[in-house]
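One chain, chain A, links the two complexes that follow: it is found with chain B in the first and with chain C in the second.
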Partner chain A sequence: MAEVFVKNEKSYKVQKIISNVLTFSFLGAIAIVVLVPFYWMILTSLKSSTMIESIPPILFLKPSQWQIWNYKALFEIVESGPRAGQPLFPFFTYMKNTIVISIITTIGTSITTILAAFAFARLNFKGRDIVFAIIIATMMIPGEIFILTNFLTINKLGWYDIMNQSYSDAIFAMTLPFMTSVFYTFYLRQTFKQIPNELYYAAKVDGTTDFKYLLKVMIPVAMPTIITIIILNSMGAWSAYIWPAMVTTKDQFRLVSNGLRGAFTDSGSGRTDYGQQMASAALVTAPLLVVFFVFRKQIMRGVSRSGIKG
Partner chain B sequence: MKKILLSVFALLTVFVLTGCVEIATTTTTEVTTTTTSGTGTTAKVVMDLPDEEVTILFWHIYGSGKTALLDKFIDEFEAMYPNVTIESQSQSDYNTLREKINTGIGVNQVPTMALGYPDHFAGYVQAGAAYSLNNFIYSNIRYEVMDSTSTIAGEFVDVSLDLENFVPGYLAENNQYVGGQYYSMPYSKSTETMAINRTVVKQHVAAIRAAGIDVSDEGFFSHTTPLTFTQVQTLGTILLNDTATTDVANFQCGYLLNYDSSGNMFINMSRQFGAPYTNSAGEILINNDTTKSMLNYINAMFTSRTFVLPNQFGQLYGSTNFKYGDICMTVGSTAGVLYNIPTSLDVAANLKFGIFDVDFLQVPQPVATSGQAVTLSDGTTNYNFTGSLSSVQQGPNIGIFKNASTNEKLFAWLFIKYITSAENTALWAMDTGYLPVRLSAYTSDVLIQLTPTFSTTYVDFLSIATDYWTADGDVDWAATDERWDYLHSSMVANIAKNQALYYQYDPAFPAGSSSAGSATIRVEAGYCLENIYNKSKTPTQALAFLMNQIDW
Partner chain C sequence: METKNNLKAWLYLAPMLILMIVFTFYPLFNAFIISFYKDYLPLANDGAGSITGYTFANYSVILKNQLFWQSIKNTFVLALVSVPVSILISLFIAVALKSIPKLKGFFQTIFFLPYVTNGIAVGMAFAVMFHRDYGLFNLVLSWFKISPIDWIGGTASWWAQMGALMIFTIWESLAFKILVFTSGLQNIDKQYYDAAKIDHATKWTIFKRITVPLLSPLILYISITSMIGALKAYNSVIGLFGEKLGGQPYSMITIVAFVYKYRSDFSFQGFYSYAASAAIILFIITLIFSLIQTTVSKKRIHY
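Let's look at the complex of A and B:
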């Protein structure tokens, strides 16, 4: 009996070791797949153009070989000519615009999402489920389809006047169409629906208004979901490309994603300075990484709750 | 119902009439004078130049490297016309620029003028948004600049433009649209030239001469007469190693001639073979026997390693492998010339021939003069056709949009005239690496400061290479002489100038209901050659696949 037990224990240990090896090998392989692009971005940002062209590719660089110039070039100032004193690549302007857009879009989305989700989860009004079903159905339409209609709306509102677009026009044009999200509304509504009705009725008995109940009870309870929405939405706004390029008329209104696209490509030969482009991309990615590390618990919780990723 | 229809009709009438009306705000004095130009006598109507405040919105894609000179041109122009403000805005890249204009056409939000490729303008013309520049080119109006603060106060400005001064190929590209109208003017033009490893050639001078090809002692081929395909094949027997690896000891490469752009290769060789390709009406003419014959010839050249594409090395361009010595010759854009020059910044171990000498030649041609019958052979099959000289011209043009006001269009046109003047196109060419759009620019004596210590005129810039070639490379320039820095750019400028006589353009048209647009066809034509190169398809299959992709 004891022998059988020892045998089983040994077998169990072997199985566990094999299972662990397989699990960690798989996770390690996936981690490599995820990390290699980041590593390649950093590595390329530290290479000269000849190192980038090198065949076979250079996989590692000693610190003494690092071409910090790619980073320095991003902050160079034009010394002479009509643009004297202006940055060669307006990195800080692009970053400022990106941060402003991310903050405004995220605040707007959070407000509309919370209010809409509350209405659909808690308030009783005629046709609520039908309206919600219709709204959910719009998720089946690809976002690109909305570009033209959004563009017409923005134009009608006077925010896309190519001769006289102001900074505030550009900000409104870039943010307004993305201040709502059907998916986030649906996601938050499901969370709100999990909050017991008894809490609502108890609050009502105490004379609490719907809005106060939302602020004092529902939002605190659903805070992990709301934080997930805030993080995912701000990441989406940070990487937005097509729409900001479409509705901004001046270079100084653009986001960093748009700036990265054309700034390092020679208009004549069509060749891209990948070193500088990757240096710039690394700097753009850095704030997102900081956000991820600071809020990783909330992000992971959100991911595990919803099965979504950014 | 009747009332509704009437209302709609009334509204439509109002809109149509409003669209037709352009309020002239210009004329104050009209005097008719007669002037004599090179082409004859023209009666000019003299008018005061409009002095109302005008803002011109100019969309382009130039980054900071090129906008410095553009901004200088704008400053000068605004000093000439103080009532004009030009807002120069970069729209990041060509696709974004085109998409924004196409979207903006529907809501009347397009710039006054914009940079664009011919297929972009073809789309704008089709959408009815582009303005015909014939209205200006053949105008008989002469304006007197009345503003005393202008740098040209009291002078007369002709609206018309002398087209004889422009490179003919560029003009042909810009008036290919409906009715032969000019909807754009050339601006940032480039072409393709062929870089050649002169260090390798120099080691085989005797053998090359024995094969009947003229070459100097130092390995220079003719810069005025292009090599023929037959001569290129002959060079292959001398410069190519038996295997696909470079033989450093015997100065032989693994591959002979690279074409950076497979799309350009397809189109240009179609012209050279006299094979129909497309036309500006959007007809696809590719599926013909001459094209099939051309593809079979190219396939044979791929197989013998006489021709190669960058795919062979997993690259987008052949310049890296040219520098590494894997390839002896490479055809690429004049705008990317310096990528072909090996330097001390390259990883030394990769440079099989070290830092070798590079010369530039015209792209290979089937014949010495257009219209000659020629027979090419791959050793087993003969390819008979009537050959033509052809080299690609590429790069964007500038046009004006219809929705601008009369005065905005006028000053936008004067700005186009200003930046394409002989002096300014020469300045633009030397500063950016593009090519001058006017033939007269090649004799421009305007000085441009290329570095804080080096200024030159375009004539002297061209003579850097011609002096070097005349001396067979044995010039007595000091090592610190800045002419060395511009030697290769000067070589390319000279070659491009010689090729300008036979530039051909790719007919431009937008996608239609039954076929792709010219830009897509160019891409697919490139894929066709890549499929043949990769041996994934035979020439016949590749052509059939191409037709299937572009003809719906």
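Let's look at the complex of A and C:
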């Protein structure tokens, strides 16, 4: 009897080792699949055009073979065409615009969502639950449906002037429709609701106003959630593509995503300079990765909560 | 006191509500109206727009448009394949991650990278990898003696292009699902797994009988939201194929891309209304999926 038990124990151990090896190989393979596109992006950006066109493709480059020429070329001033007088890839202009848009929408979104979440979480008023339900329901609607009219609204407000759009017009047009977020309101309301009622009543007895209570108690307590919202919202501007392209009339008002596609393809021959294209893609990707590694915990927590509670 | 409190609450809500009325509720309502305009020119008369009446014809025009059906076909095939496949893969990954608590954080961080990157930048990297002559995909295929495929070029077949778009879409969408399923698994009571261990259940049985049933509400929720997300595919097509929207012009057009194509042609009479009609059709399709979710999740949750 005892022998059988020992035998089982042994085979159980062997089984465990095998399953561990299988698990690690599976996860390792997936990790490679996830990382390869980033690797290929950087690798291609460091290749000369002859290296890019070599068959079979070159899989590794020694540091001594790296060509930084592609990166340099992005910043060279173009002499003719629509971007005359500007760098081939006006990365810093796009970057500046993207950061400006991201700061403005994030400030706006934080203010509107904090105020609304406070009202929904703490104040009692007629129609609260109905209004909340209607607002939540809008999350299901594809945003494409709003864009058609929003474009016309921006035009009516005078911010889409084909002949003479100013920088501030473009900034208003790109930010105003995105100054609030249903999803973050919902997310923040959940956090606000966890703050005990007793705190609120005690503050009321002391004669604290609602606004002061929000400022002095609720916002500090909910700070981790608010920081997550700020980070996630700021990152949104990096992937915004269609709306900025739609409401801006000049290339120098656009955001990083707009600049990427279409550039580096010669309209005459249809040939694409993959080295420069990948160099620009790497430049756009790098700041996002830096932000991610700095705020990894907050970002991943925020996104996973959104999936669980959504 | 009561009315004073009411007024105060509405003041707190006002900034959000005003923005939503202007940029969400009114546009939703207006999109329906635009879809019934006849000969609509949105920017005519100094931005006031001009119409010659009302009509149902915009819907019949796009329903007869071959490009529209192409976009329906592309969008549905993409969504119906990429969503289940990515859910299955990410479930396996989440389960595998659970069994290696020590390195879980490390792998999770790697798997999450696609979520935080710019879809267009990475899409362009995929386009280089799918290149017929100097791409990585064909190199790997050549190791298995498979002759090169034109994935995204001018001679690419529809299936090759769709395959490339699916691979990219799945790669992009794994990150979110892995994270959500991993945190979902953490909430499953350990007792179930301990009981299964005592019964010497195999890993596959545990997966089928415990993990999937207990996660089923979450799986359903993720299926529907990713289905709705996949029906709105657009940036991935731009990233992979550029403004041409396919190896051949428009061969990979999606419903959203169809809306944008007709929207950008707003100086042609009625085109804006075609865009609106297509957007309304997309809205109805997503509504149907949301309704399925609410009915199914009420009926069957395995506990």
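In this text, the second predicted complex is superposed on the first by the 260 of 310 C-alpha atoms of A that agree within 3 Å, B and C clash if a C-alpha of one lies under 4 Å from a C-alpha of the other, contacts with A are read in each partner's own complex, and residues count from 1 in each chain.
In this section, contacts are C-beta pairs under 8 Å (C-beta built on N, C-alpha and C of every residue); 3 or more make two chains touch, one makes a residue touch a chain.
Model, not experiment: these values are computed from the prediction.
Enquirer: Quick check on the chain A-based superposition: chain B and chain C, clash or fit?
Expert: clash
Enquirer: Return first, second, both or neither, reflecting whether A:123 touches chain B, chain C, both chains, or no partner chain.
Expert: second
Enquirer: Which partner does A:53 reach: the first (chain B), the second (chain C), both, or neither?
Expert: both
Enquirer: Looking at A:163, would you say it contacts chain B, chain C, both, or neither? Reply first, second, both or neither.
Expert: After superposition on chain A, A:163 lies in contact with chain B alone.
Enquirer: May I ask you to decide whether A:261 touches chain B, chain C, both, or neither, giving the answer as first, second, both or neither?
Expert: Both partners.
Enquirer: Applying the touch criterion given at the start, work out whether A:251 contacts chain B, chain C, both or neither, answering first, second, both or neither.
Expert: In the superposition, A:251 contacts chain B only.
Enquirer: For A:152, is the partner it touches chain B (first), chain C (second), both, or none of the two (neither)?
Expert: A:152 contacts both chain B and chain C.
Enquirer: Considering only the touch criterion stated at the top, classify A:273 as touching first (chain B), second (chain C), both, or neither.
Expert: neither
Enquirer: For chain A, which side has the bigger count of touched residues, chain B or chain C?
Expert: The larger set of chain A residues in touch belongs to C.
Enquirer: After fitting the two complexes on their shared chain A, where does chain B collide with chain C, if the options are 148-156, 238-246, 310-318 or 436-444?
Expert: That would be 310-318, the only stretch with clashing C-alpha atoms.
Enquirer: Could you pull out which residues of chain A sit against chain B in one structure and against chain C in the other?
Expert: Correct list for chain A: 53-55, 148, 151-152, 155, 246, 261-262, 265.
Enquirer: Provide the residue numbers of chain C that touch chain A in the complex, in ascending order.
Expert: Within the complex, chain C contacts chain A at residues 5-6, 8-10, 12-13, 15-17, 19-20, 22-28, 30-31, 34, 42-43, 47, 49, 89, 92-93, 96-97, 99-100, 107-122, 124-126, 128-129, 131, 133-136, 139, 142, 171, 174, 176, 179-180, 182-184, 203, 218, 221-222, 225, 228, 231-232, 234-235, 238-239, 242-243, 256, 259-260, 263-264, 272, 275-276, 279-280, 282-283, 286-287, 290.
Enquirer: Touching chain C in the complex: which residues of chain A?
Expert: Checking each residue of chain A against chain C gives 19-20, 23-24, 26-27, 30-31, 33-38, 40-41, 44, 52-57, 59, 111-113, 115-116, 118-120, 123-126, 128, 131, 135, 138, 140-153, 155-156, 176-177, 179-180, 182, 185, 210, 235, 238-239, 241-242, 246, 256-257, 260-262, 265, 274, 277-278, 280-282, 284-285, 288-289, 291-292, 296, 299-300, 303-304, 307-308, 310.
Enquirer: Could you list, by residue number, the parts of chain B that touch chain A in their complex?
Expert: Per the stated touch rule, the residues are 55, 57, 61-68, 71-72, 74-75, 87, 89-90, 92-93, 96, 99-100, 103-104, 106-107, 109-111, 188, 190, 313-315, 317, 319-321, 324, 333, 335-336, 339, 343, 345-347, 350, 395, 432-434.
Enquirer: In the complex, go through chain A and note every residue touching chain B.
Expert: On the chain A side, the touching residues are 48, 50-51, 53-55, 78, 81-83, 88-89, 148, 151-152, 155, 160-163, 245-246, 249-251, 254, 258-259, 261-271.
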